[in-house]
Amino acid sequence: MPPGTLIYTGHRTENATQVYSVWYNEAEYHEREAYVPEWQNRPAGISWVDVRSLTDTALIERVGNALQLHPLALEDVLDTQQRPKLEEYDHGLFFILHGLHLDAEHLELVSEQIAVFMGPAFVVSFQEDPDDTLQAVRKRAQEGLGRTRKKGPDYLMYSILDIVIDHYYVVLDDIESALHELESELHSNGAQTSQKARIFELKRVTSQFRHRLLPLRDAVTRLYRSDCPYIDEANRPYLRDLSDHVAQILDSIDNYRELLSGVEGLYQAEIGNRLNNVMRLLTIISTIFIPLSFIAGVYGMNFDNMPELHWHYGYFFVLGIMLTASIGMLIYFRVQRWL
Amino acid sequence: MPPGTLIYTGHRTENATQVYSVWYNEAEYHEREAYVPEWQNRPAGISWVDVRSLTDTALIERVGNALQLHPLALEDVLDTQQRPKLEEYDHGLFFILHGLHLDAEHLELVSEQIAVFMGPAFVVSFQEDPDDTLQAVRKRAQEGLGRTRKKGPDYLMYSILDIVIDHYYVVLDDIESALHELESELHSNGAQTSQKARIFELKRVTSQFRHRLLPLRDAVTRLYRSDCPYIDEANRPYLRDLSDHVAQILDSIDNYRELLSGVEGLYQAEIGNRLNNVMRLLTIISTIFIPLSFIAGVYGMNFDNMPELHWHYGYFFVLGIMLTASIGMLIYFRVQRWL
Amino acid sequence: MPPGTLIYTGHRTENATQVYSVWYNEAEYHEREAYVPEWQNRPAGISWVDVRSLTDTALIERVGNALQLHPLALEDVLDTQQRPKLEEYDHGLFFILHGLHLDAEHLELVSEQIAVFMGPAFVVSFQEDPDDTLQAVRKRAQEGLGRTRKKGPDYLMYSILDIVIDHYYVVLDDIESALHELESELHSNGAQTSQKARIFELKRVTSQFRHRLLPLRDAVTRLYRSDCPYIDEANRPYLRDLSDHVAQILDSIDNYRELLSGVEGLYQAEIGNRLNNVMRLLTIISTIFIPLSFIAGVYGMNFDNMPELHWHYGYFFVLGIMLTASIGMLIYFRVQRWL
Amino acid sequence: MPPGTLIYTGHRTENATQVYSVWYNEAEYHEREAYVPEWQNRPAGISWVDVRSLTDTALIERVGNALQLHPLALEDVLDTQQRPKLEEYDHGLFFILHGLHLDAEHLELVSEQIAVFMGPAFVVSFQEDPDDTLQAVRKRAQEGLGRTRKKGPDYLMYSILDIVIDHYYVVLDDIESALHELESELHSNGAQTSQKARIFELKRVTSQFRHRLLPLRDAVTRLYRSDCPYIDEANRPYLRDLSDHVAQILDSIDNYRELLSGVEGLYQAEIGNRLNNVMRLLTIISTIFIPLSFIAGVYGMNFDNMPELHWHYGYFFVLGIMLTASIGMLIYFRVQRWL
Amino acid sequence: MPPGTLIYTGHRTENATQVYSVWYNEAEYHEREAYVPEWQNRPAGISWVDVRSLTDTALIERVGNALQLHPLALEDVLDTQQRPKLEEYDHGLFFILHGLHLDAEHLELVSEQIAVFMGPAFVVSFQEDPDDTLQAVRKRAQEGLGRTRKKGPDYLMYSILDIVIDHYYVVLDDIESALHELESELHSNGAQTSQKARIFELKRVTSQFRHRLLPLRDAVTRLYRSDCPYIDEANRPYLRDLSDHVAQILDSIDNYRELLSGVEGLYQAEIGNRLNNVMRLLTIISTIFIPLSFIAGVYGMNFDNMPELHWHYGYFFVLGIMLTASIGMLIYFRVQRWL
């Protein structure tokens, strides 16, 4: 395929693509479904075009043309395996990141790609899934809560990124509780083979999460430092705050990874300890009874001339020797701290 | 929640928020409880507003407004899981770090977030806990000891950071003594399963400590290099000293981590060694007695025609063979260094 | 050998070197086999000379001289173990990379070196193998599809690099499916010794792949940032896209490597678990039967005076003791969770 | 304590502090004990004040005041756990490093902190220990050997650092010989449990050594690149040489660390191998004799009707079977390479 | 010793130091043994003084003085444990690197230090060993082959470095073949204890090789970027090529190191697997025969009243039970995949 061909690579293809257009200023707020404003002919104020579910590539190409988005950026919107990134184009910024949640049953990270374009007085957002992750942002704009209506498209873009990144704390909490559950189970029930698989799954999830966040940190830091003319200086602290959040989440993940290594170490140690206990029991039993059995075997021999057999207290004498030997060995094991 | 909403995320919520205001210059020192000076209407000299216990978000918002602190910074003050950081705002610096001490019983790091704002002739500090970590600083200012009264707000900020960071040396000492105790116990009593858990806990604590210090080092270095106009050039060596202290603590932590790995290695080696000893004993006992028992078993068979049974010295001959075989095997084990 | 001597170090030496020349502009497209245009005397428009199979060093030297390529660069073209790299010469850029595919049977990475020179209005490409990896690019140019005919030699070079790098996704997919196969086999059949070798081979392949990509990432990033005058500013987003692709592939590889470590850990854990089970069975059997055998051995002794032997229910009494002891031990093992 | 309080943290407190003053130029050399020149009133030429043993903080404070040293630097001089560092003050440089030697018996690194101030025409050195590490430097100056008398204070500072760092090569040699001894013992005597502890100690020592050198490398490199006006351009190669030495020592340490890992690996492998041998012997003995004992047990049963017992050659037949079985098993073990 | 004292630290001290002087231009070539040209009075054209075997420190000091080399550089020439490095002096460049070859028998890296000075129209080279590593360079110059005679001293220096670095490929090939031999032996003969030592030696060699190359890469890169006026711009591509070669060799080494880790992993896995097999055999034999022996022991007891003993088919019945039990256990082991 020549570069720039639009192909949707996501796996959720049953839902129709929906386009919501919003335009607002400090005084007014309008909303219209299935309407794509033209670049040359935009409504006054700040426009926000939100596209959900990316199955209809033709419609998405039409949105891209109407709003003069770069074909390579549109291609990235549809390729849902993108790394988080910030790209600067001639008339705006393009940000890709992922909404994440943890499928607690299979301990898998479920990802929805979200792409945001920001230009002079307009924002375009593309959500991979049909359900609206950005609902709270639109609601706040609609009701005039917070600062959204008073500020420019950079604050709207920030609000979108913020709501997506805020949700990562939920994923963190889910990972933490899974980790704590594992730890307390290890404490109360001892090491189970099923735990090994859970440790592995948790490691995989934290590693995937980390792989998502490392490029996101770069992208957010570059956004905060961007000299794009559409970013208002007064809004920089918000972008810095975003960057702090990502760094904080990464810190927690690194922390969880070290905890996981520790839990794995404890698991291994208990398994090894258990093998030691098993071997110790085997050795104690064998060391006591094998020599005793040998003695019994000796006096079970059928030689004609075995004088001890005819002693009157021979049997009791041998029993006494056996008892003494086994008590001696028990004392030895006690001294060696094996018992 | 829209960004900038003030929510206290700490866990100590039973104490009322207290505000202490102090203002001083080289000649005078005044102190007043439960009083928040207004930005436009500050007392002459250097003002220091100290807030302890962060439960009353309304009061804290009032302090923030009175002293014109940025809403995002206030939000950070209340979110007590912040990473240590330095932020530069229009009229001042904002520093977040943590007072730390080691709960020696559970080997856990207990953290209290401390946030400091510094602007022209004023400092605002927020302590998460109701007890006053900064008492010594105020006392020195009150009694006119040291340089505090002769210098500006930058030196006051430095004194606050210094007293918090100085306390980290206590944590270091606690970790070191826990490590030494572990090492000497391992030497005297041998490896115990309880030690594995202690090694794990110590690793977790040093790792958490390190996670706190890495961003702190960056923040302190940036403070030392900051071109903020409220920092007096003559005070730079003090800030550099702070940065040296953090680097020194980090060095010690890295050192402890390597020592811990070494102790863990010794622990593993002793456990492995013990298993080897157990297996060796089992093998020696089995190798000696299993063949002997077999011989005894042979002469315990009830065949009609077993000529050896009727030899007069058959029994003693067999006993002699058994004795020779076991001595031979003992010599073999000796040569193999198993005994 | 003095530096600059041309020696072909590849292993495919049976095919004759072929030269295809193409020249085109937006309106026209010409193609001629076995023809090398002279630098001073090039056809109008953009020239593309494509050389396949590098066995004929004399012919390649002639191409190099005709198009004024640097002798060291020509030497690199023929040394097929080069690292991916970008070099800037006086009148153009020189890029080396490798076409890769996975030999799925032996899990080996097969590599074909591809070198591209780009100068004012001309591109020279050298393919190590006789089959044409770049066919799709020429076809698009010939049929006037895509943007190739409308753009300069930088876009042609980009198209060549893009088609080679796009093929890496196929290698990624092959590695992923090998990994999934391994994982599911481990799940269904348990750990097999053959899997250890497969894990090793997969590790080797991903490591080789990564070794190819790390310098390629640098080279592509430097290409994107190059200030070479023959790169049109409007084409930079395409080069950035290339760099994104390489970063994305590297991310996936790092991900696979962590998954492989996880799978290896699970493999080890199952092997260790199996050893534990074996030892446990041995211990249970021994612990139950060795003491019982000892009791039997005692009453197999031939002492004259053994009163129990003459008790009427002595045998049944001893059998009862044996039964009780073994049930007791079974209960003990049950409590210890060994059964 | 307020910052800048002088407290000596070293552990050698029994010796009195001694001050030696030296002043020289190309023609003359003077030396006077227990004399501290005043900054304003220094003798002509280059002054070198050398302080040994740091117990008398009052005297050291007097030296500091007389020579106008910064209070924070003086505090660092007395805190003997400093990291190696270079600090630039208004009228000079301040360098901290450590004299090191290896206590070969306990394999411990013994450290003496040495601090050097260098300003226009004067040098002040502080040695933690009473014995004079810098004797050779003063002797060369006194006798007019080498370049010391012809050059400025920067060369004197260089000579001091050089003599301290040169001594590190002795530590390196000691570590190397301990490592070689360990390796050859492992070769000749096989793995001993005492070796594990020695490996651990060597690892700790190399790690401590490395922790000292990493910041030293930075400090020396910064010294070499410093734009301090008191450094003569013609002396830069000497400072670069110093930096090379530290890099070379670090290289050797990294090399020893890898060798240590290798020795540890060999140790582990031999321990593992030994366990394998023990288990193999146990298995061979058990596998041969347990079945044979069973056969003997069968014919030791007391059933009335056991026809084989009455065969004339039954006993010899059974012995033959036993012999055949054990030879067969020996052949099997031979084929399996267990013998 | 004061810095700058000349001491030869190499171990080959039996050969006399030899000095060969060469001077040439595009037209002429002269050569004279045991002759050191004076700096002020050099022959016309490019002079190359080649010193072999460094035992005669007085002669080397004379060479240094005649050609005005810096005393510290001369000291480095004689200290044959230098790290590879490039140093820029006032009138020229100074490069240290090492000729390497692999002693295949002991798997040890044998190193010869080679130092090169390059100034305006002259080159001085010092070879640690008496045999001439640079023969091919002189021969090419003498016979006027290649570009040496047409170019300046920078090209001569390049040729010297190139011939030394080219030889590293031979070391690489030797390492690779040792690695392949190890791998194929592991495949065909299984894990042998001798292989562990070989893996360790190979690891040590690759690690030493890498330690040599890392600083060499820096030095070569700095040479390529050096703004030394004696480097002709037209020769930069040659220096870049040198830097590429070192990077390529480092890549191969990293690759071999990962392969070695893989081979080590396979070795460990086979050793572990073998232990598993041994334990499995022991467990199978014990689990089958210990219970059977117990049954035999029961009927070997001498109680008066044991009814089974008197049953006519008691013996055969018991034999049948034994047979059934052992077949049952064999089936169980088969199901558990232990057989």
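Here are some notes:
Chains: A, B, C, D and E, in written order; residue numbering restarts at 1 for each.
Assume a contact is a pair of C-beta atoms (placed from the backbone, for glycine too) under 8 Å apart; a residue touches a chain by one contact, two chains touch by 3 or more.
The shown structure was predicted, so the numbers you read here are calculated from the model rather than taken from an experiment.
In terms of the stated touch criterion, subunit C and subunit E have no partners in common. If you average the CA atoms of subunit B and of subunit E, the two centres end up 41 Å from each other.
As a whole-number value, the distance joining the C-alpha centres of subunit D and subunit E reads 25 Å.
Shown for subunit C are the residues in touch with two or more other chains, namely 275, 279, 282, 286, 290, 293, 297, 300-302, 306. The touch graph of the protein chains shown is a ring with every node of degree two. The ring sequence of chains is given as A, B, D, E, C, with subunit A as the starting point and subunit B next. Put simply, subunit C touches subunit E in their complex at residues 2-4, 70, 72, 76, 81-83, 85, 87, 89, 190, 193, 196-197, 200, 203-204, 207-208, 211, 215, 271, 274-275, 278-279, 281-282, 285-286, 289-290, 292-293, 296-297, 299-302, 306, 308-315, 318-319.
Here subunit D touches subunit E in the complex through residues 140, 145-148, 158-159, 162, 237-238, 240-241, 244, 247-248, 251, 254-255, 258-259, 262, 265-266, 269, 272-273, 275-276, 279-280, 282-283, 286-287, 290-291, 293-294, 297-298, 300-306, 337-338, going by the rule given at the top.
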